[in-house]
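Look for subunit A in each of the two complexes below; its partner is subunit B in the first and subunit C in the second.
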Partner chain A sequence: MALDFSIILRFQEALALGLWTTVKLTLICVVLGCSLGFFIGLARTSRSTLLRAVSSVYVEFFRGTPVLVQLFWIFFCLPLILGVELSNLTSGVIALTLYMGAITSETFRASLKSIGPEQLDACVALGLPRRVQVTNVILPQAVLRAIPTLLSNCVSLFKESALVSAVGMADLMFVGQNISNNTARPIEVLTVVALIYFLIAFPLTRAVTLVERRVLAKLAI
Partner chain B sequence: MTMSFSAPLVKIQSLHKSYGPHIQVLKGLDIEMKPGERVVVIGPSGGGKSTLLRVMMGLEKIDSGSISFGGKPYISSESADRKTEIDTEVRRSIGMVFQHYTLFPHLSVIQNLILAPCKVRGESRASATKRAQALLERFGLGAKANAYPAQLSGGQKQRVAIARALMLDPKLMLFDEVTSALDPELVAEVEQVILQLAAQSMPMMIVTHDMWFAKNIASRVIFCAGGVVVEDGPPEQVLGAPKEERTRDFIDRVFHIRH
Partner chain C sequence: MGYSFDFQSVSFGPLWEGLIVTLELTVAANLIGVVLGFPLALLIMSRFAPVRLPAMLFVEFFRCTPAIVQIVWFFYCVPMLFNVFLGSMTMGILALGLNLMAFNAEAYRAAIQAVPREQLDAGIALGLNPLQRTLYIVLPTAVRASIPVLLTNGIGIFQQTALVAIVAVQDLMYQAKSLATETYRPIETFTIVALVYFAVSFPVSQVVGFLERRRQLMMS
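Entry: the complex of A and B
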């Protein structure tokens, strides 16, 4: 069987559009998901039993079920329950944000927990008001410590985002699948699609190591 | 703060503190500290020395008793509801340095120093930075202003921690085993800084296991064991010729042979 990768060139615009959709979706869900995850992380370390219980159920549920099932449930079941139509972009954003929120909340929770009580002792000894303790001492350290894992979380989200093709969203995977079906050239097309995902994800995973070595080693946190 | 010569700087009355229902750490401590005194607290581990300092800084709740500073009670607890009342304004006159440096790792040395003056006292960045730089120069750390704590040796970190506490112009300094975590060759540089403060008659209370240092810096030594003051007197007495048998045993053990 002769491989002909030149057919990819004919579809480069479609693929670029698909990639743009994937990147856009990932970026939206990274921002929304990380923000949600931060507050859920706080809720899970909160003194309120109710907040702890609700946030724990959410996190465990979303970590313990396949993202594809979550996506299908939001795409097919949620509109029935709410009585409103959800576009595939909306349901994709909701599903991936909830997924990202659940995994990053664990990242934030671990980083908050890793800040020792002696840091708070120092805050008290310096007479820092509670607001300054949180915004100038605890938060920056928690975020810095969370960065490497958050980057890994982002890479996971970027890869998992391919699932939205299953609800008909025209992302990179969806476009690739279509081209592959229409041209009967799955090897060429799907290999290139895989390569595109890899070329974006790989530098990000390397960045994790870089951040760990450069930034965190310098601060030893 | 104005006070008559004889008025105590710190007055600790009948201080009780326990961790949980069974562990009583302080069992009715009474200590008076005069202005200008340098009190070194010695004693076996678990005797309540560090807890005493932490309570004075308002880091621990107490069961009952009270502490006054400059004539003003700032920590007290009524035995009825056991709620510890802390006057944070008075507490700001006290600075504390801990065994494990507790510098903020994400801030540079200079940022560590100016955070509290800027945020607590509303001092301008420029003025705080100027004072911080001068203090760092004085402690031989002028070149380290922009370094991060992780780039410093233990001794340097501890000197930065002392400078950070001094930025708030404390009227009393508490030192909690500040050289215990240091490599032996770094102990002297930190002790020098504290001796320098002593020479400027900064009142201080020091918990230490270093008897050489205790002897050199103390104007008064308190031997604390089992949550009470066992012996209290000038260093020549408590370290050199203790009256109490428990003090004698302890001194013999730490010095190996009594000097």
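Entry: the complex of A and C
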């Protein structure tokens, strides 16, 4: 069987568009998901039982079910419940943001835990209001410590974003599958698609190790 | 909200069959991953570059591409490239098993590196050969240390099994999709299915939490 990788060149633009959708979706969900995750992480460590219970149920549920099921639920069920049409992009963003929020909240929770109680005591002694405690004392340290894990969460999200192809969003995977079905050349097309994902995710995972060393050196732990 | 729920129309027969398939996939993939992950970890840590580099490339490739791409690639390309035609179940198990193998190899590697140097020195002092040292000193310690991560990866692969529905293996997710289309009851079906997945993974993740807490207590 003759392999002919030049076929990819004919579909460069389509693949580039698909990649752009994947990257756009990932970036939007990274920003929204990390912010959501930080607040959920705070809620899980809060003193209010209600906040803790609600946030725990949310996190455990999103970590305990396949992302594909979550995507299907949001694509097919949310519009029925809300009674409004949601665009593909909106549903994809909602689903992946909720997923990202759940996994990053665990990251933030772990980094919040590592901030010693003496710092909170110091805040009380200085008479800082709760809002200042959160934004000026807890947030900078928690974020700094969380960065390596957050980066690997981003890599996971980037990989999971390929699932939106299953609900018909034209991301890199969807475009790749379409081309492979139409040209009957799955080996060339799917291998190139896999390589594109790899070329983006691999340097990011290397960056995680680098950043980890930097952060650890900076915190001197 | 003008939607009336009707959980009656969701028939449990197909879902039950689907769950069995999902569990079979999970168990088989875990067998491959747990057993073969260890030798793979040894390969990654080998001193000989011709052994180490291909093993590392294998692991990084599986860890850095989406699982769905791997599964679709497997189903379309393996029959064409190698001229073998396996059942869809076997293909699913192979794809998921290899994926888990890569992730478990990393878990084992971290655990192997955490085996104290003194223990190996003691092994040399006792005159054990390298194979004996690996089998009797490194393996037991490393496996025990990596159990929480292996379990976490195991649940991960349980959730990833839902992906084989896309290539028409009749697992829980596949049954859910066809049921939702047949009955026009997506909310009920997908909610039940999400709960089923949750009911399996949640207890396991609690066990992982328990093991980790116990480990921390033992360390301190």
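One rule holds for everything that comes next: the second predicted complex is superposed on the first by the 204 of 221 C-alpha atoms of A that agree within 3 Å, B and C clash if a C-alpha of one lies under 4 Å from a C-alpha of the other, contacts with A are read in each partner's own complex, and residues count from 1 in each chain.
We adopt the following convention: a contact is a pair of C-beta atoms (placed from the backbone, for glycine too) under 8 Å apart; a residue touches a chain by one contact, two chains touch by 3 or more.
No experiment lies behind these values; they were computed from the predicted model shown.
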item	value
Which of subunit B and subunit C A:110 touches, first, second, both or neither	neither
Partner chain in contact with A:198 - subunit B first, subunit C second, else both or neither	second
Touch count on subunit A, higher of subunit B and subunit C	C
Which of subunit B and subunit C A:180 touches, first, second, both or neither	second
Subunit B versus subunit C as contact partner of A:7, first or second or both or neither	neither
Partner chain(s) touched by A:28 [first = subunit B, second = subunit C, both, neither]	neither
Touched partner set for A:89, first subunit B, second subunit C, both or neither	neither
Residues of subunit A contacting subunit B in one complex and subunit C in the other	none
Contact footprint of subunit A on subunit B as seen in their complex	54, 57-59, 88, 91-92, 95-96, 98, 100, 102-106, 115-116, 119-120, 148-151, 164-165, 168
Residues of subunit A defined as touching subunit B within the complex	118-119, 121-122, 124-129, 132, 136-137, 140-141, 144, 217-221
Interface residues, subunit A side, partner subunit C - complex	1, 60-61, 63-70, 72-73, 76-77, 80-81, 83, 155, 159-163, 165-166, 173, 176-177, 180, 186-187, 190-191, 193-194, 197-198, 201-202, 205
In the complex with subunit A, residue positions of subunit C that touch it	1-3, 60-61, 63-70, 72-73, 76-77, 80-81, 159-163, 165-166, 173, 176-177, 180, 186-187, 190-191, 193-194, 197-198, 201-202, 205
